[in-house]
Amino acid sequence: MTTRVARIDTRWSLVCALVASACTSDTSSETPPPAGPVDWVGTVARDPASFASLMERTNRDGWIAFHGNDLRAAETAFEGSDPTMKRSRARVEWSLALLYDDLARASDYTHMAFLSSWAARELPTTPGIETVAATWRGCGGMSDVPDADKLPDIFRAEPTVEAPGRRDRHAVHERARAGEVEALYAVAGVPLVVEPADGFERKFYDPCVYHTLHDAWEGRAQATASASDWRGVARQWGSEAGLEGLLFAPWLTVGDLEAGIANEVHPGTLGASQPSLVQFGVGTDMSVQDDVEVARDDVRALDAAIDLRERSLIAEAGDEGDALLRDLGLHARFRQEWIVARARKAILEGRPHQAMAYLELARDVSVRQVGPSNSPSVLALYAETQVRLGRTREALDVLVLLEQTHPEVLAFRELVGDLAVLQGLDRQGDSKEN
Amino acid sequence: MTAPTRMARLGATFRQHPIALIGALWLAIVILAGLVAPLSTYDPITDVDPSRAHLSPGPGNWLGTDHLGRDVFQRLMLACQFFVMPGLLACLVASIVAIPAGAIAGYRGGWVEAALRWMFTVVASVPKFVLILLVLSIYGDRLGLLAVATGVAYSPTLAEAVFARIESLRSADYVLANRAYGVPGWRILWVHLVWAACRRLIGRQLLTLFGFFLVLETTLSYIGGFGVQEPMPSWGNMLVFEWGRDVWYAPQVLAPVAALWFTIAATAWLAESLGEVADG
Amino acid sequence: MPLRLIIGRIAVFAVTLLGAVGLVLVLLWAAPGDPIDLLPNGEELRPILEEQWQLDRPLGARFVAYFSHLSRGDLGTSLTYRPGMPVTEVILEPALRSTGWLVAALGVAMVWGTALAWGTAGRPTWNRTFWQLVSIAPVFLLAHVAVNGINEATLALVDSGWMDRPRWFALPGQPHPFRTILAIVLLAVGSGTLSEVRAEVENALVKIRSSGYVAAARARGERVWPHVALNLAGPLTTIASSRAAFFVGGLVILEKVLLLNGAGSILWQAAVLRDYPLALGITVIFASIVCTARLLGDAVRIAIDPRLRAEWNA
Amino acid sequence: MRFPALPFLLLGVSAAAFAVPLRYAEDRAPAIANPLFTTTMSEARLDELVFDGLFTDDAELRSTPHLAEAGALSEDRLSMTLNLRQGVTWHDGRPFGADDVVFTIKAMQNPTTASTESGRVGWIKAVTKIDDHTVRLDFKRAEFAPEDKLHFKILPAHMFTSTTVSRSDTFRNRPIGTGPFQVVSFNDDNSITMQRNESYFSAVKQDEIVMREVADKNYQAKLIIYQSIEALVRVLPRDLATLQADRKVELYPYQTNSWWYLGFNNTDSDLRDPRVRRALQEMIDIEALLKPIGTGDIITGPFVPSSPYYNHEVPAHAVDVDAATELLTDAGYFYDGRSWTKDGKPLTLRLAAPETLETAQDVVINLQAQFRRQGISIEPEFLGTAEWKEKVWRDRDFDLILSQWSFDRSEDIYEQFHSRGTRNFVGYNDREVDGLLDSARAATDPQEKKAALRTAHAKIAEDVPMVFLWTLDSYSAMSVRVKQVVVHPFYFFTWARDWYVY
């Protein structure tokens, strides 16, 4: 009996050897990447204890929510005055500010496009539209729109009829800017102007919701970090912060953060050109060509390096680190955050095609709503690039997903819907079977 | 020693060929299932329940359920009715057409034999499967029609076999003796020649025909367009339906393969065992 | 050389082929309803069909008309598969391919059967039961198991990095010689062919080995196998020519399952689309293949068998 | 002016590097390559490669001149003069000219041809040839931007004897177009080989494109991962996760605003009575139908949920057997314990479904079970493409049909639900909805159009001309070896001339 068992064992060990050699054979041929400066993915994998201690010091539910991209829940969970807790809360408030900054920019672009094509079609203006245009101009909507001077004159005048709801809506905005955002979230989905027309009702939504929300959350982040600008907020996650300054962030190491603070112009592009990525085969400066293939090659280079690094980390890390690396999908999360930073930079520097290529690869299409593998900013930026590229109708497919967890996006989705309809008024639809 | 009773001779056959016994038992089960199936309360059309999809074999369903939640074992048993009854019909048609033709051709000889054998060769020159496909295309795709067409398409093989046997025994001495005693020609032909000499041969041919019909029905159902269409079960269309929706070694995927393979093997073993004793 | 025997054989060939075509035409004529109604665009094609088949005229006239066309090699035009294209143009090349595969499969079956039989003639061995079990499976089941087995195995190998993707990967999708070879081998093995060929070759071998002239040759100390091989040729051709019809049936199925573009798969499409001229044309070609195989079988047997040759010369 | 030879030379040299063919897989091969009779998405995609329109979409989806170099709209916006591009040739070398444009529009409008695309030229009153490269179009109504409606494909006049074109014309397997790729052969194994059109008026990078019908769905994902094919137009829902995890493949959204429906024959069958239709709707458990085939959203009307025209107030209906029983009894049916019968005849409905629709069989079997349990027997029939066009498009010979509609970004349901619509198989006819659809087409205010179509959604959902089922997640997969890929949201191959396999 023993001989048979012995034989089985030897055969099993042989198989293990074969499999192992098959695995390592192809990694040994390439030199393992140099163990660069300590990055948050490596830290969590190699030293799970630091991750566990961060959980105790701050709030486990908060980090779970932050990992699941449920930012509002994470922000409430991280309440308290302990410095680590405050730094964690600042991270969440920062992400919220960036999200609403994206939505504000996208909403402004869409307003500009909507008002221009409304005028181009020589359609009669209505009090409702004039109110929206005035409100939009009022809250600095035209500041970040490139060809703002081309806004048709009919929308530069004050509205002839004062829309009833405008005044108390303004009050809600003030309260939100002062920090009490709940009221604005509640009223975000309510149309600003409801104007009866012959046989139907025109509904126009508040164009300034996202500006106010961005200011509110940016204010909170600066208050939490007691800093006066975004660089001040970011600096406190640097050397004196622990893992909470890096976990789930687009910047891999403290060095990358500091480099970003020094070089980047916009908070949302922090991490887009971080030095520690050079070892991943990804250059720090982004290409200036608005070309899809360039963006894809970038992401493919990063993917190749990530796969390599993941294997070596798994081999190095203990069971617990290995489990954390896989269950939380740390590399995938870093990849997405980094692509979002690059896409945002491409949009800000006027390269929508490049941005769309980045974002197509950032999304996890097998999951149908915001979650650990789909951050709200990915969907918001993706919708914005679609609108900039004339694919207004396709942007709605993404906004519907975002709206499941962020009801305040309704205003922007209705606006994009109106623009899609306006652009398609002259087209003759084509339909085919399956 | 009295002549061994028929049961004793049958026992001898099976002792010589144990496999044939297994084959016979399995065939009996399949044919029984086929005949009983119409009475069963299981309705293949309404058995769909996606919430019970991909269940592994258990008490409720012995072979698990497919990706629409239908019980695989029940469908496997029900599928028997689509080849058992039509298969027996095909055997009946072949017997009615081929045995008299072959016998008369073998016994009478002369121009009758030439004419009948010409007809056998003509029908045999159009490949069976092609002829049947043509009939289904022109006359419509019904199982009864498939059975009759198979019976007719297979009859040249059966007729040729009966003809060869009877022609070789035509001038055997016991036949001449009978004729000399004034036994009428038809009695000699049917009792002495066909029944006495050819019944095992005919049995073997009919078993092969039954196997051929099973292959035909499952092939048509497997490729689709003809034969048994979903949602009615056939061993042929069950093969295709679950493939790819489950791992290849799942019972839901392997059951039809095993059932079909084993049933055809059973017919072949049984036919082979019948053959050797008579010719040996 | 008595011409009588050769002409006799050719006459039988012609008359049988005539009979087969007649049988097929009767099938069409005896259809209960009007076959054109079954066609999806029946009304549109009625004028063409009326003219081509003279459906209104009696069977005899229609028979003559079809035959006069056939003699000129005109099998009519396809209706629904490749509308408007002459049948001969549709099926010429595929029919050649199918015939090639058919002959190859017959060859493989004969060689494989003989090889198996040669070793184990007469003695019941496990080898024989195994091949009988494998060969008994119908052609389509063997193809199903073979294709999916090969795909799964290749997938496992490619996944584990032992080999990179072969060009034919994912049978039956990608056209590749390997797919054709697989079809030929399956045709040679499937539906009991291999084990039946082996059984018949074994019977012949047993007879030959126990016959007088082989014993004499052994006595003279000569090598035995040339004699056996020569005498085996006769029975082999009989087996081959009798199996031709069976092989054509199997080929139609395999071409459809393995997506080979031969006359068989076109016949299946024609049957599904009820393209009668095309289906008839292909059936006539298959029937002529079967009759030719039978004619060749007779000719070879006569040429090889000394006794028959003597009778021939007399 | 002759095109300078130099760029062609360079192109020729660089083209050699891309000798690898771009093999894209479809679920089913297109049956007819004749734009007059295009009905399925696979045929529309093939036409995009082989034919050209007067105008086409640029990278920002705005109409840009293509075969027509410039279009001068008249003062009263009732006519337009088109100057056609010079030096364009058909794939067989014949020159392209005004005759082709005139022939195409007349053929599409010719009632005996019964082109399925006639709806796209319904707004053109007359087309007249001015000279070889100039055409004047007269419109029925003032048009603001007619170039948006001139994207339909132009056919070669010299290939046809008259504007009455028959569906089985041999052009269907030997298409001649002006497009970037020309069809070399319709192969026997249902694949189509296309070569680059050397004399195309703009650069075409890819040398050869092959359309393969992927027969084996089980290995469809593996085929593209292991580079048996370079592009998969529609990824099966069950393969999404596998393909996304693989580094050699990238996924692109290709939703095409498609939704599945179970259409009733509203004219000549038992289903004429709305109570019967509503009863059938009450019997269907749509979640159970959707579960085995993939992820998607259940819909309540003729739009996808993300559409601006989707009316979110229309409640999704739940299975309500009592209501169904009541409705059927009102309609004069009697349940005899096993099936609903009316004057002795059990209610039996013939269901037609296209073979080409992936997973349609699972839905049909599931549906048949649900109806059988409620006492209604269904006789399913899977039709090939040619048979489907005859039975459903032309003869309306069915009781139920299961199919899927795909719409471009205008989501124009006029053809499907207007009483004069060319694709209104179910025979839906409602004056109020006709009015709403007409006002939607004539609307100049986007909110007016949205309101009109949302009301139409509600009204149609109430009349139950069909049971609206769901919209599935739909993506296309592209191997990383295919470069410069930008997918058009509906026609997929609009910019395929820039793609190349490296």
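Chains: A, B, C and D, in written order; residue numbering restarts at 1 for each.
Simple rule for what comes next: a residue touches a chain if its C-beta (ideal position, glycine included) is under 8 Å from a C-beta of that chain, and two chains touch if they have at least 3 such contacts.
Computed from a predicted model, the values in this text were never measured in an experiment.
A.B. asks: Using CA atoms only, can you tell me which chain is the most central one in this structure?
C.D. replies: Chain D is the most central one.
A.B. asks: So using the touch definition from the top, which pair is joined by more C-beta contacts, B-D or C-D?
C.D. replies: C-D
A.B. asks: Quick one: chain A and chain B, Cα centre-to-centre, how many Å?
C.D. replies: Taking the average C-alpha coordinate of chain A and of chain B, the gap between them is 68 Å.
A.B. asks: Indicate the whole-number Å distance between the mean C-alpha point of chain B and the mean C-alpha point of chain D.
C.D. replies: Roughly 48 Å, centre to centre.
A.B. asks: Taking the mean of the CA coordinates per chain, how far is chain A from chain C in Å?
C.D. replies: The answer is 65 Å.
A.B. asks: Taking each chain's centre as the mean of its CA atoms, how far is chain C from chain D in angstrom?
C.D. replies: Comparing mean C-alpha positions, chain D is 43 Å from chain C.
A.B. asks: Do you know which chain A residues sit against two or more other chains?
C.D. replies: Answer for chain A, listing residues that touch two or more other chains: there are none.
A.B. asks: Indicate the residues of chain C shared as contacts by at least two other chains.
C.D. replies: 272
A.B. asks: Give the residues of chain B touching no fewer than two other chains, as numbers and ranges.
C.D. replies: Residue numbers touching two or more other chains: 243.
A.B. asks: For the complex, which residues does chain D have touching chain A?
C.D. replies: So the residues of chain D in touch with chain A come to 38-41, 43-44, 59-62, 119-120, 123, 143-146, 148-149, 151, 240-241, 244, 247, 250-253, 255, 257-258, 295, 305-309, 354, 356-357, 403-416, 423, 443-452, 473, 475, 480, 483-486, 489-490.
A.B. asks: Enumerate the contact residues on chain A facing chain D in the complex.
C.D. replies: 121, 123, 197, 199-203, 292-293, 296, 300, 303-304, 307, 353, 360-361, 364-366, 368, 389-394, 396-397, 399-400, 414, 417-422, 424-434
A.B. asks: Going by the contact rule set out above, which residues of chain D touch chain B in the complex?
C.D. replies: On the chain D side, the touching residues are 217-218, 288, 291-292, 361-362, 365-366, 368-370, 372-373, 377, 380.
A.B. asks: Per the contact definition, I'd like the list of chain B residues that touch chain D in the complex.
C.D. replies: Checking each residue of chain B against chain D gives 43, 45-51, 53, 67-68, 229-231, 243-244.
A.B. asks: Within their complex, state which residues of chain C touch chain B.
C.D. replies: Interface residues on the chain C side: 12, 15-17, 19-20, 22-24, 27-28, 31-32, 35, 38, 132-133, 136-141, 144-145, 148, 152, 191-192, 245-246, 248-250, 252-253, 256-257, 267-268, 270-272, 274, 276, 279, 282-283, 286-287, 290-291, 294.
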